[in-house]
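Both complexes shown next keep chain A, but they swap its partner, so chain B is in the first and chain C is in the second.
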Partner chain A sequence: MEANVTLPLQKPVARHLPGDLAIWFFIAAELLAFCVFFAAYAFTRAKHVELFNAEQLTLDRNAGALNTILLLTASYFVVRAVQAAEAGLKDKVAPWLAAGFLCGSGFVAVKVTEYADKLGAGITLSTSPFYMFYLSLTFFHFMHVLLGLVILAILWFHARRGNYGPDNATAMNNLHSGASYWHMVDLVWIILFPLVYVLR
Partner chain B sequence: MENLTHTPVPVDTRRSTLVWLALIAATLATWGLGEEGASGPTAVAALLAIAALKSRAVILDFMGLRHAPLLWKGIVLGWLALVCTLIALAYWKGMP
Partner chain C sequence: MQYKSQAVAKPYFIAAIGLFLGQILFGLIMGLQYVIGDFLFPLIPFNVARMVHTNLLIVWLLFGFMGAAYYMIPEESETELFSPKLALALFWIFLVAGALTIVGYLAVPYATLAELTGNDILETMGREFLEQPLVTKIGIVIVALAFLFNITMTVLKGRKTSITVVLLLGLWGLAIFFLFSFYNPTNLVMDKFYWWWTVHLWVEGVWELILGALLAFVLIKVTGVDREVIEKWLYVIITLSLVTGLIGTGHHYYWIGTPEYWQWWGSVFSALEPIPFFAMTVFAFNMVNRRRREHPNKAATLWALGTGVMAFLGAGVWGFLHTLAPVNYYTHGTQITAAHGHMAFYGAYAMVVLCIISYAMPILRGRAANSNKAQVVEMWSFWLMTIAIVFITLFLTAAGILQVWLQRVSDTPLPFMVVQDKVALFYWMREWTGVVFLIGLVLYIASFFIKGEEKAA
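Let's turn to the complex of A and B:
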């Protein structure tokens, strides 16, 4: 029997990529690099399970969790900045971006104390396969956080001038591009934290 | 330079706030499992599931890919599936 039913139509949303196509190619390339890094860590661990399990316990899990919360919160604030711009609340964009920048800076501060602690204990890239991955993987991510902060600072500078609003398509495109990059940095850490600090 | 027209994005601040709170709660769950010293297949599966759900929320809600062309949504969600599968495989390989 053929049913003649009209499905309740959802409000048609024009599917589109938030931000520039170029930034999404860049994000895809970065995600691929992190994927290779994650897999290399996990498969190297499979050969040195006891070593990885033992040395993982020397990491500061509290610092890792705090940093996850800082990045998630920074991402949330950046979302609010974009939403304020979309809604035409131009004077709200800069404060939200500044709040995101502060959380991101908090991540940097926590990470620097973690590195100081490990380097102070004489740990280097050549100490063991685990520390080689811990230092290089987190530092590779750390560099992305720094670039993300530079991007947030640039967006904040423009937001202060009231550039971001639905009436300025080019500026909105830039805001979406920068925000997408920042979320990518957050996304990668969501995998990195359990992988390096918790999974055993 | 192409001429851009602004495509409005659905704004739902309440949903974003709820997603953010759920992400924080999920992070505390991951941290708690770490404190417990959880290990073995069940722990790995639970931790990977939490990480995958968190990542999915960031991809769809924060990155805004829910309303992106299906190709891009597929690329990023596909990346997530690939990463989780590779990690699961490697941990399975390392099981005693």
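Let's turn to the complex of A and C:
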């Protein structure tokens, strides 16, 4: 197994995925789903450039930008939670996770007002190709934010009991897995926001 | 056998194999009717043969699932079955009701059967795969509920494992989605829309949970790999199956009158349906490679690996071939669909039931595994049936491509029946391959009767 003792000068670099392999399989599948959707968006936009440009202006870019900040901040807080757990600062983990959860909830609140606005204006999936993609893409992402929040809540629940620390490898594995999932949600939004709200 | 009550699985497994044989015989009859149109007419018309072929498939798989549940649940829950008597009573009720339904299909014209069985009270008949008379449908619901009651009570009083949770979820889902077979709106679009809630959400939704649970159970038993590792993968696989499978229903909503966005939703999500099947294959091979024991039942391991591969090919790859809306525009309802249907059902569901039977049946008969001689015959049957289904699929795919081309893509499209004549060669080859499949099945049944030196359980 560990037979590579002949290269003593080479610094051993710990190159492994944080968290569980299974969650990475899941993340890869999720990213693939979004990729296919993004490609479909680009393909359809190419056929209706003017329609897409016109209807894109009806979206609330400020709300989108605010949501970008909220998600990025949430990810930062989750990073701090993981760092705290790795450093053995067990009582710091739960507050950082709670802060992340709050920012994520802020995203949900902003997004709900956006949806209320669009649905109130009578816009549905059948209104136009642009709105079909806007609603489908953001709603699919929205569901991921909700799942991410559930995961953060579970992590927070365990963190309050002081489960996460360098002394518990299994628990750290779970924390890393959950945090990785949350970063995926964030990453997708960073592509989704410019693509649907801004890019012309 | 660790628990006495697991023995109720045995009649279920035997009935499943018996009905499987019936399904294949009717498959051969209708396969011949494709090329000799009046074969057995008017005794068994094509539509009746087809109905019996597909209905028997569903029923034998249900027998297999129930048998599997009765075998697995006591062992997983570490307790005797809540009521073995109820399980046996349900077996006979289900078998007799199933047999009467088939006799009804064969003995009287379908319209007469509908009149006799009160279809005018609640019109549910006449729809593909849901042809069963009202009384049979009600019977299925009662049997399913009593069955679920029995196994749920067993799980509740015993140990709860991920496998039992996933299995219960799948079986409850099976019962719940069957309820849509009673809903038959007069609007044809709505009718089709909800018809898929039974048909699609069974095979590309909740049945996949049952498949995952059965496969995980057999893999734990034959490989000795840690439960935790297997359970983790089980969760990833079923989550992916549900996400892709549930929204993937949209790939049936392209051309039935539903809103256009289904073409996107259906295409994107159903295109990802191969992923969980691929994960299942990787998972099965991975577990067998990391095995911690050499289980004497080599045949069961072969079926487990075969399920992963064939489900991925049949459900995954052959499904993907025609799932994108622009492709499906030309291919829907052609022999391409038939090709996919044959390999997907065999690979995903027939094989997993044969897998659990292969694992459990020797134990139910008081030995860890069958004799080497019996296993060799069983493995021959595995290869004969599997290779036969691969060729049936390839011939039907060839017929389908030709059909799509001549009938739909061509600048001078030909009428349906003219095209059917032109692809007859492929139907003949499919029929002969079907005979090979039958030989494989007969060998499979024969392997149960081969004696030899056996290892004690």
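Note that in this section the second predicted complex is superposed on the first by the 188 of 200 C-alpha atoms of A that agree within 3 Å, B and C clash if a C-alpha of one lies under 4 Å from a C-alpha of the other, contacts with A are read in each partner's own complex, and residues count from 1 in each chain.
Basically, a residue touches a chain if its C-beta (ideal position, glycine included) is under 8 Å from a C-beta of that chain, and two chains touch if they have at least 3 such contacts.
This one's a predicted model, so the numbers in the text were calculated from it and none came from an experiment.
> Determine, under the contact definition given at the top, whether A:Ala109 touches first (chain B), second (chain C), both, or neither.
Neither partner.
> Is A:Ala54 touching anything from chain B or chain C once the two structures are fitted on A? First, second, both or neither.
So A:Ala54 meets neither chain B nor chain C here.
> So which one touches more of the residues on chain A, chain B or chain C?
Tallying touched residues of chain A, the top partner is B.
> Quick check on the superposed pair: does A:Leu32 touch chain B, chain C, both, or neither? Answer first, second, both or neither.
both
> A:Ala42 in the overlay: touching chain B, chain C, both, or neither? Say first, second, both or neither.
first
> Taking the superposition on A as described, I'd like to know which of chain B and chain C A:Leu146 touches: first, second, both or neither.
neither
> Tell me which partner A:Val79 touches in the superposition: chain B (first), chain C (second), both or neither.
First partner only, chain B.
> After superposition on the shared chain, which partner residues are touched by A:Met132: those of chain B (first), chain C (second), both, or neither?
The answer is second: A:Met132 touches chain C but not chain B.
> Which chain A residues lie in the overlap of the chain B contact set and the chain C contact set?
After superposing on chain A, chain A residues 32 contact both chain B and chain C.
> Which residues of chain A touch chain B in their complex?
13-18, 24, 27-28, 31-32, 34-35, 38-39, 42-43, 45-47, 49, 53, 61-62, 65, 68-69, 72-73, 75-76, 78-80, 82-83, 86-87, 166-170, 172-173, 176, 180, 183-184, 186-187, 190-191, 193-195, 197-200
> Which residues of chain B touch chain A in the complex?
Touching chain A from chain B are residues 4-11, 13, 16-17, 19-20, 23-24, 27-28, 30-31, 33-35, 37-39, 43-44, 47-48, 50-51, 54-55, 58-59, 61-65, 67-70, 72, 75-76, 79, 82-83, 86-87, 89-91, 93-94, 96.
> Going by the contact rule set out above, which residues of chain C touch chain A in the complex?
My answer: residues 232-233, 235-236, 239-240, 243-244, 259-261, 264-265, 267-269, 271-272, 275, 279.
> Taking the touch rule as given, give the residues of chain A at its contact with chain C in the complex, in rising order.
Of all residues in chain A, those touching chain C are 20, 22-23, 25-26, 29, 32-33, 36-37, 40, 125-126, 132-133, 136.
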